[in-house]
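Below: the structure, in structure tokens.
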Amino acid sequence: MDIKGIQQRLRVFAEERDWERFHSPKNLAMALCAEAAELLELFQWLTEEQSRDMAGSERDMDLVREEVADVFIYLARLADKLGIDMEEAVLRKMELNEKKYPVDLSRGNATKYNRRD
Amino acid sequence: MDIKGIQQRLRVFAEERDWERFHSPKNLAMALCAEAAELLELFQWLTEEQSRDMAGSERDMDLVREEVADVFIYLARLADKLGIDMEEAVLRKMELNEKKYPVDLSRGNATKYNRRD
Amino acid sequence: MDIKGIQQRLRVFAEERDWERFHSPKNLAMALCAEAAELLELFQWLTEEQSRDMAGSERDMDLVREEVADVFIYLARLADKLGIDMEEAVLRKMELNEKKYPVDLSRGNATKYNRRD
Amino acid sequence: MDIKGIQQRLRVFAEERDWERFHSPKNLAMALCAEAAELLELFQWLTEEQSRDMAGSERDMDLVREEVADVFIYLARLADKLGIDMEEAVLRKMELNEKKYPVDLSRGNATKYNRRD
């Protein structure tokens, strides 16, 4: 199932339950942020190395998979409500990034990661 | 391009720039949350009604599209780093939700939206 | 107890439990963001009007009070770890805001709230 | 100036500009979360060790101080709008934590930090 198929199924899910009225873009942006923070919480006391090793724990991965799904679901709903073609928006942003950070200037150069403003 | 294709292109993008070392799951979860909050910020002083009307402003929509893309990109990267099949995780969660909230019990029933714990 | 007194008590609490090693500024910023999102979650499906009426529900207010406290605690810890005088930082920012938004130009003018960039 | 003094000054600031109408608890919770994420962003590509060393860079600290102030300001506003005594809420939560994590059981025991659910 592709992104648009997922969005279609989420739309039917909300309509059947008469939940569209709760799904204003404002509320969906809040739910998305809350889910992203639940994902964040799974990593907050881990070292970076521990976070890289997380894939080795099936119990942890179940939690991560569920939060990843929740973030995706609210993002897909928000995009759908506003008529945004998510795949197109992502491809456009990737092209911008590829121009903004050319390989030869970016390689071995962490400027993007050292600047914090 | 499907989700896996996007993830593949993002992986190459990071590898070519030698940026994988910054992309620990912990750091990606932080970047994801920061981008979700930038999306949130676009809606914070709007009424729900104004947020529903946002699709009418091309200038606003450019901002929303870019933040939606940023959230997607970091989510896709995080899933990729942990070997999570995002489409599968989403479909599994949708099935759980469909069982948890049967149409006949959920219709005209906003219990999910009234409980806050 | 003033802000510095609270910070002092939180510092002793962490030291006594040998938890300082988890409290890097990076980790505390994550915990702070996660708690702010738990607070956000309490409001996500409410209308603005319902959120204004929340003070009427003692059960809801218990939840809000606890999340407000959690946000304060991690913010105070983070400031303490970095040697930031929180009261001074707040007063300085308030002075900046008072200059940036003079009453006569800001009154009846929601520019700050209409701009979204 | 104590917490209540800061809240009083923030209230006058909003009233004088006729901005109270934007400051529903829902909107303030969004602004709080957005500011917490701006603070998070300052740390997202740093190692924990780099984040501990941040106090050595005056330029970085100016950014951190400003974001810390912004988080405090929206938290204080939200508490004020809902009639929450922030100091009291914090002290109550600290007492709960002191009972929940007794020193003798918690020392050298990172259970709180290892559990992620």
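Chains here go by letter, A, B, C and D, matching the order in which they are written, and residues are numbered from 1 within each.
Assume contacts are C-beta pairs under 8 Å (C-beta built on N, C-alpha and C of every residue); 3 or more make two chains touch, one makes a residue touch a chain.
Note that the structure is a prediction, hence the values are computed from the model and not measured.
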item	value
Chain pair equivalent in interface to A-C, over half of contacts matched, among A-B, B-D or A-D	B-D
Selected interface, C-D versus B-C, where C-beta contact pairs are more numerous	C-D
Interchain centroid distance [CA atoms averaged], chain C/chain D, Å	3
Chain centre separation in whole Å, for chain C relative to chain B (CA means)	25
Per-residue overlap in chain D, given as positions that touch at least 2 other chains	22, 27, 30, 33, 36-37, 40-43, 45, 47-48, 110, 113
For the chain D and chain A complex, residues of the former touching the latter	30, 33, 37, 41-42, 45, 47-48, 60, 63, 110, 113-114, 116-117
Residue numbers on chain A that touch chain B, as the complex places them	1-3, 6, 9-10, 13, 16-19, 22, 24-27, 29-30, 32-33, 36-37, 39-40, 42-43, 46-49, 51-52, 54-55, 61, 64-66, 68-73, 75-76, 78-79, 81-84, 86-87, 89-94, 97-98, 101, 103, 106-110, 112-113
Of chain D, residues touching chain B in the complex	22, 27, 30-31, 33-34, 36-38, 40-41, 43-45
